[in-house]
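Chain lettering (A, B and C) follows the sequence in which the chains are written, and residue indices restart at 1 in each chain.
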Amino acid sequence: METTALAQSVLNGLALSGIYILIALGLTLVMSIMGIVQVAHGEIYMIGAYSVYYVVAVLGGNFFLGIVVSTLFVGGLGVLLERLCFRPFRGRADRAFTISIALILILQNVVLALAGGNPRSFSSPFSGVVHLLGVAISWKRLVIVLVGLGLLVGLFLFIKLTRTGQAMLAISQEREGAALQGMNIDRVSATAMFLGCGLAAVAGGFIGSLFSISPTMGSFALMKGIAVIILGGLGSIPGAVVGGLILGLVDGVLPALTTTHIAGLVGFAAIIMILIFRPQGIGGHEG
Amino acid sequence: MLEIEGLSKYFGGLEAVSSVDVSVRAGEKLGLIGPNGAGKTTFFNLVSGTLKPTRGKVTFEGRDITGKSPHYIAGKGIVRTFQGINIFPDFTVLENVVLSCHLKPGVGLLETVLKTSGSRRKEKAILERSRQILELAALDRLANVAAKNLAHGHKRILGIAIALAAEPKLLLLDEPLGGMNAVEVSETMALIDRLWRNGITILLIEHNMRATMNLCQRIVVLNFGRKIAEGTPDEIKANPDVIRAYLGAGGHAA
Amino acid sequence: MIPSLAGIVTICLCVLPLLLSGPYYVHVFILTMVNIVLASSLRLINLSGQMSLAHGGMMTIGAYTSALLVMKAGLSFWVAMPISGLCTALIAYVVGYPFVRLKGIYFSIVTIFFSEVVVLTAQQWQSLTGGAAGIFGIPRPNPVSLFGILHVDFSSKVEFYYLALALMLISLIILYAVEKSRIGMVLRGVQQADSLAESVGIDTTGFKVLAFTVGSFFPGVLGAFYSHYISAVNPDAFSFLFTIYILIYMTVGGEKGFFGPVLGAAVLTILPEVSRPLKAFEPFVFAAVLIAVIFFVPEGMAGIPQMVRRVKTAHEKGAADA
């Protein structure tokens, strides 16, 4: 297979990796810090996509403006949800889970009512190709990879350098112990929701720039996010990065090398194996 | 009866239990003491199977039980109590003990679904045995009270009753006297003594020094995960290492 | 009180089809009975403290297995249906052991993904499952002769109704028997205090797997029933949303008592069918009911009489003290 096609596939894969990592990081942040299965995470991602759509296609704004607005809006929505829906049930994972389910129904159907069920699309300003090392690759996807990388670095720095970030890391690794050390759980949870939902929103915006959006796009994100988390390690933040990288590359490169039929099978065959032999994933602990 | 050789447990870089050798003879009453954080409960966890040792060997009645699962070890006759959650909160006191009569007489599970006459007979026997245990523990008047509604002292005694129902040969008691007043302490000590007279070997972790010294024939002292002394209560009371361990940790001497 | 009430309800259910005005309502009741079994079997798994979201996947497995056994292996429906249940239970048993070792929310996540893997397998394994389009033309259950006089060939919905009724009654009896047995008591003990149960010799992992396996048998059987009833099956038939709805029936009905899920499934399946506005806003209504239950009536609909009693006693006590 010639270099250009391979390079393009790899870039496709990396772009998908970036998006999967953003989704999975958001999900695992919320899961490991708040201790709940936020199954409405896909709907958050979907609202992020629609927010970008609104700014870009309806208000005529710039794509990056759309991403920023969407992140702030959806992140804020996340903080609101944490305060209203999840905080009253801290420690009651089963009840918080039920709230998540209710949120899926509400969020999906509100958007359905407001925007209709037909898929929509908006264009990314980064059309065309750029030439890197003598190979023509998609500008759009390169931007996604670069922005995704930037966000990862930013998140890493936030965790390393701020007190809240350190608290988040501690809580994600050992929830009960950290709570006893007097960390401000309220603030850390709100931050986790803000970041988690914000990352999902960016992912939604990116997907929207590549493909189309619809009110039911959330389940794709939820399942990918879960796949990444299982592969990379339940409860492991670095694992989400590794898992997302692997799955994204598999989804991006394999279809080009073989038929799509087999690519899909390889992707989740690996995960079935993981599920049966090492359910806690590559880097995770048993919970 | 119970041979523990070189038992160690590392949590990352932390050495919670370090090369501990203990030998428990059948029919004795052995006390395990040490300042807070000395590794006593971790030690219990390693013996009862709740934690897997990093190194070392545990042999019970000639059988190697190192690292086996807790229910397997319970089946062999080692039953422990817990400091924390030691009761089934939503069951009544009676149900707590009935459930714990799980091992003997062995009730075939399919039998109980089909409600065969055989299973009904066994369940009746279990009920009878449970009531006897409650009488022994002086909890029979509280039989139908939800366990979560019990007073603290009664909860701890129920914890012992639950362990008793599993027909232990060796009973590991983890701070059974925690939070009890003087009356409760003497009642519980009498209960433990009665159990011992019925042939159960006792291994006891306790902070209540007087009770431990009175009850136990032999005492093992742990500090920072290591065994620092072993002997009769009098020997331990006079042992300078022990005194230093407790005073050094800000604890009270025996 | 309960047995006689159950008896009366059963008799009513037996005569019901004669009173209903059309095949559509018969269909609604068939769905209701299927949902009742699904919600009740989900509760069995929940009893051990594990929140499973694998029911959709299990139903899919049962549906496809039966369709394939009948259409490709030539088996009779009456053989294929129980085999489908057993196959599903076997798969649950195999994945159960690694799954059950995971704590709480992580268990739930892998069960979600399990269902997704089942869907993906059904979509991709085209040679076996017909791919994304699914399987069509699944034959009706083989004709059966009852007591030598009644000839049932399943050409009308009413005949499926009685089959569903029989399946529901048998399933509920089995589930009830298991719950009231020592198994049920052990499961509840494991849910309350896992380590304590281990310390008295209870193999908690084994029991959790048992609950998961037995609980997954029923969606397997009912999946088989459903695919032969609708005569088609496709990978998305029992999606994540489907599993969520079952969870909603169970939660709104109430998890504490055996009949909570029965009540929840019945009310939430029938009500949207008799009220057009409710059907139109079904997701919102369900979400609102869910939130109301979690905030105000955590024990679900079945817990309302108890709640009322508690409020009354508190009231009377207050009046007496005054």
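To be clear about the criterion, contacts are C-beta pairs under 8 Å (C-beta built on N, C-alpha and C of every residue); 3 or more make two chains touch, one makes a residue touch a chain.
This is a predicted model, so every value here is computed, not measured.
Both subunit A and subunit B are touched by C. Comparing chain pairs A-C and B-C by the number of C-beta pairs in contact, the larger count belongs to A-C. Seen from the C-alpha centroid of subunit A, the farthest chain centroid is that of B. Taking each chain's centre as the mean of its C-alpha atoms, subunit A lies 48 Å from subunit B. Between subunit A and subunit C, the centres computed from C-alpha atoms are 32 Å apart.
Each chain gets a centre from the mean of its Cα atoms; for subunit B and subunit C, those two points are 42 Å apart. The residues of subunit A never reach two or more other chains; the list is empty.
Residues of subunit C touching subunit B in their complex: 177-178, 181-183, 185-186, 188-189, 192-193, 195-205. The residues of subunit B lying in touch with subunit C in their complex are 48-50, 69-71, 74-75, 79-82, 85-91, 95, 98-100, 102-103, 107, 109, 112-115, 123, 162-163, 165-166.
Against subunit C, the residues of subunit A that register as touching in their complex are 31, 35-37, 39, 88-89, 93-95, 97-99, 101-106, 108-109, 219, 222-223, 226-227, 229-230, 234-235, 261, 264-265, 268, 271-272, 275-280, 286-287. Interface residues of subunit C facing subunit A in the complex, by the touch rule stated above, are 51, 94-95, 98-99, 101-106, 108-110, 112-114, 116-117, 120-121, 123-124, 126, 239-241, 244, 247-248, 251, 283-284, 286-288, 290-291, 293-295, 298.
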